[in-house]
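Listed below are the structures to be examined.
Shared between the two complexes below is subunit A, which has subunit B as its partner in the first and subunit C in the second.
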Partner chain A sequence: MRPTGIWFSSFAAEARTLDTRRSRIWLAIGLAALVVLPLAGAPRLIGEMTNLYISLIAVCGLYVTVGMAGQINIAQSAFVGVGAFTTAKLSNLGVPVWIVIPAAALVTGGFSVLFALPAARVKGFYLALTTLAAQVMFPIVILALPMSWLGGLVGMPVMPPMLFGLNLGTPTGLYFLGLIFAALAVWTTYNLQASRIGRAFRAVHDNDSAAGVMGIPVTRIKIEAFFAGALYAGVAGAILAYMLQFVTVSSFTLFASVWYLGMLIVGGLHSPLGPILGVVFVTLAQDGLHNIGNAILQSGSGLGGGAVFAASSVVLGLCILAALIFEPRGLAHIWHQLMTAFRLWPFPQN
Partner chain B sequence: MIDLLQILIEGALVGLVYGLVAISFVVIYRASKIINLAQGEVLVVGAFLLWTFSEGAAAAGYAIPMPVVIVLTLTGCVIFGWLVERTIFRPLIGQPAFTIFMAGVALLILLRGLTQLVWGAQSRSIPVILPEGAITLGPFLVNTRLLIGALFTVVLTVALHAFFTRSRLGLRLAAVAEDHTTAQSLGVSVKQAIAVAWVLGTVVATSAAVVLLSGSILSLEVAVIGFKALPVALLGGMESIRGAPLAGLIIGILEALCSAYLDPVTNGAASGLLPYVAMVAVLLIRPYGLFGWRRIERL
Partner chain C sequence: MAATGKPILEARALGLKFGAVEALKDVSVRVEAGSVHALIGPNGAGKSSLLNCLSGFYHPWTGAVLFEGRDISATQPPERARLGIGRTFQGIQTYPSMTARENILSGFHIRMRGGVFAGLFRTPASVRQEEEMTARAEAIIDFLELEQDRHRVVGDMSYGLRKRVDLGRALALDPKVLVMDEPMAGMSPEEKGDLARFILDIRDHFGIPVVLVEHDMDVVMDISDRVTVLEFGHVIADGSPAEVTRDPRVIAAYLGGDAATEDAA
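Take a look at the complex of A and B:
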């Protein structure tokens, strides 16, 4: 809801995502702060932020598949893994980074189409089960392939990304790589909603039988939703591979997929703000738990590092359940409510 | 030839254990229309309860006789299932299928974290509950533990099938599996159905844990059996109790054949991939499984 006194003289102006001058200024300030952060920040903070950007790209993709098109995908981590392994393979062949990242995205997209094909026959959670198959089959296949192809059990080294003689493999370089692609991911996600295909996604999400009757090619749209979501996952995988410098299948588990989904649900499935808030919230919560865990470890009690990981699982599980039961629209909705209350103050909302 | 038959027998017995886990999926779905991805974790919780009352209690200085251990474990399961229903699935009645599916995913993370926090990540040994060893039948060796498990699966299937198709309560549960809103408007209590579903589901999963783990090692990785049994449940049809053991037989035998003949060629991947390839194939050819309900779309 907009406050009084804001008016538009054209539809295009009203339909903009950043509709007021103030919102554009805030975005510019925020972006500028993120750009200058590596100058001031500690190395650990830069690494954390890069991780956050990578998760954000992957969760934006998940938002397109799950939030917009309503197709459950529990293989996002496997898709990220496909992107990472493609990157590792191509970088070892000496392919430059500006080809590697789009190629990783496209390969991942093609891989996802393979598992989206059953959409022609099944719907709902049955379709989710084919993505489960993708997630479970991914490590089995990688481990069974010959060592020289994808590294098998050992994994594969990744050559650092070089662009115009500049090494992007440094923490700062990776930070900006992540920032640029995360910004791109958020920008495309916001704009996808207002596009023809975005509206088709939404129609399929709301009622696929009705969407079919209205002339939307439902099967094709579902496959395209998986493809689009996997493109993001491929990019996330590429940057993750450059960051890890060494990829193994153990980084891309079903559990990681569930984490991505959890971030999306906590953030909110119905607004592109959801992925941002969800990723930031879950990352902060996880970081806080790690700090508490480290403090407990240093104090010398009997708890192991596994307990910290287990505790963060419990917290995320409880967060998802709380979101589902009490606020299915997620943090994004709470944010919008807060903003409305702020604008209407001192008058009550209703 | 004898080798082949031996492989078939072993595959069939293991397959019936998969069938038993698949029944626990089907029971929950059949009574409440919930596909619970966390079934493997539920099984692990049951197994840890079993360990607590047997080895854990023995280590603490209270040796409990085995029949009492079983009774205690089953009581623990009933309470656990009821608790899950009460706290998670009851507040979600009437929500879209997507939300309920996601609640299952959240339960998966939550239970995995909780078991690790409460019991720790180290592996433990489960006492021998079912007799170990093998019976010789002519030239073949049959594992007694798996044989008893297989017989138990068959008996349980017949009993549960009778419950779901003959008893009044069972038929009410079937109505809930058809549609929550319709069932509720006809006076069928969805709450009661989901509670019954979860209690039955956890009890069946725990009995599967007994068959699977008697005399062997329990660790958090055991939960993978849940993802192996899901394709089995799907092949049999999510609504069909009798379909689950049959599909288990099919998958078990195919898996045994794969691991005997294809694994040497494919670097060990064939038997691991088989259940999931079968699952995708089933979804493509017969989405409702061998004996599931064919759903009709209305606009």
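Take a look at the complex of A and C:
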């Protein structure tokens, strides 16, 4: 809900994501803070933030497929892997970074269509199993291919991204690469939400038989939802590959796919704000638990590293469970409610 | 209101079976331009089956569905929407997570252009188109008096309002004929009155003929130009509301009177 006193003189002005001056100023301040962060931040913080940007890009993609179109996908990490291996292969062929990233997106998108075809026939639980098959098949296929293609068990080195003679493979370079594409991911997600195709995704999510009668080609839209979501995964994979400098199948696990889904659920499935809040919250929680775990390890309590790692996973799992039970609409919904309450204050909501 | 006599949508000798049950048997209906055409009958008479044959959910075993004289029996629902058959649903079939205006805008899907990349990057062409379609959606919002609720999420709305959004979405298809499945079911008398007024306005101002299945006889007799009565998958009467109410077989079907049935036979 918008506060009183805000009005628009054209539909285009109303449709803008940043519809008020205040929202544009806040965004500018936030982006400026993120741009100057590497000047002030410790190397570890820069690395953490780059990881956060990569997760954000992947989870924005998952929001498109799962949140908007309602097509469950537990293979996002495998799609990120496709983007990463495409990047490794192309960078070794000497392709420049500004071609590699879009190419990785398109290759991943094309690859996802292959696994989206079952979505035309199966729904819900069965679709989840189909995408699980994609996740499981990914390492098997890479390992089965000849070593010279994608490196097999050993993996593949990734050549550093060079742009106009500048090496973007440094921590700061990667930070900005991540920031730019994360901003692009968020912008495109908001665009999609209010577009013809985004409405078709959401219509298919809400009621696919009614959508069909309204002239929406349901099967095609489901496949396009996988394609669009995988574009993001391809970009995330490309930046991750440049960061890792060496890709192996063991980096793209079912575990990571489930985490991407967890971030999305904690953040919320019905607003593009969901991926942002979910990724930030879960990354901070992971980091916090990691620090606490380290402190416990060093305090000499006698607990092994394995136990602490397991315990932190259990705590994070409980966070997701709590989010599902207490607010299935996610942090984004809590945020919108707080904003509404703030605008209506001192009057009560409803 | 005088109908022009030209059939826009026609069912010709439809037959449909579910296992041993004959849902429709040799059913013919002609929906004429500029008319409100009601399909009535007791429970299980085959009204919804007939409606589903018209909108493409079911495909008849025998006979044909004709739209503007063309055989469309084999087409699927999305194609019928493109041809110009709009439809509203029994119960609630709106998109609950979207706002009223987004629901109506989604009805413009077939009139709009632009795929995944136009959506991702908000191309200038897609922005212009969005603005144009929003203006058209606002005209429908205006007609259905939904101004107060345009930005409300449909899942939070009352039943009557959701049905109105459903109607708005069907109108966004710019249909040449509107098919409504029990539009009044579960509505309060005030909501029924509003909807009856909207249906007559759709016929008179938009010039869109309306086919509806309805149980409320007062409403049917008030707003229909023509009524087709079904019983056990057969058409037992077809004519103006006044003719149909006098038909002894119709009286028998509704009141279960044996004497009337014998008379008619």
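Simple rule for what comes next: the second predicted complex is superposed on the first by the 349 of 350 C-alpha atoms of A that agree within 3 Å, B and C clash if a C-alpha of one lies under 4 Å from a C-alpha of the other, contacts with A are read in each partner's own complex, and residues count from 1 in each chain.
The rule is simple: a contact is a pair of C-beta atoms (placed from the backbone, for glycine too) under 8 Å apart; a residue touches a chain by one contact, two chains touch by 3 or more.
Source: prediction; values computed, not measured.
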Side-by-side fit of subunit B and subunit C on subunit A, or clash: fit
Partner chain in contact with A:144 - subunit B first, subunit C second, else both or neither: first
Partner chain in contact with A:130 - subunit B first, subunit C second, else both or neither: first
Comparing the two partners subunit B and subunit C, which touches a greater set of residues in subunit A: B
Superposed model, angle subtended at subunit A by subunit C and subunit B (C-alpha, nearest 10 degrees): 80
Contacts of A:340 with subunit B and subunit C, given as first, second, both or neither: neither
Which of subunit B and subunit C A:210 touches, first, second, both or neither: both
First, second, both or neither for A:310, with subunit B first and subunit C second: first
First, second, both or neither for A:172, with subunit B first and subunit C second: neither
Lowest inter-chain C-alpha distance for subunit C and subunit B in the superposed arrangement, angstrom: 8
Shared contact residues on subunit A - subunit B and subunit C: 209-210, 213
Complex interface listing, subunit C residues touching subunit A: 55-57, 76-78, 80-82, 87, 89, 93-98, 102, 105-110, 112-116, 118-122, 126-127, 129-131, 134-135, 138, 151, 169-170, 173
Residues of subunit A touching subunit B in the complex: 70, 72, 74, 115, 117-118, 121-122, 124-126, 128-130, 132-133, 136-137, 140-141, 143-146, 209-210, 213, 254-255, 258-259, 261-262, 265, 304, 306-307, 309-318, 320-321, 324-325, 328
Sites on subunit B touched by subunit A in the complex: 35, 37, 88, 91-92, 95, 97-99, 101-103, 105-114, 116-117, 120-121, 227, 230-231, 234, 266-269, 272-273, 276-277, 279-280, 283-284, 287, 297, 299
Touching residues on subunit A, where the partner in the complex is subunit C: 1, 10-12, 14-15, 188, 191-192, 194-200, 202-203, 205-207, 209-218, 224, 227-228, 231, 270
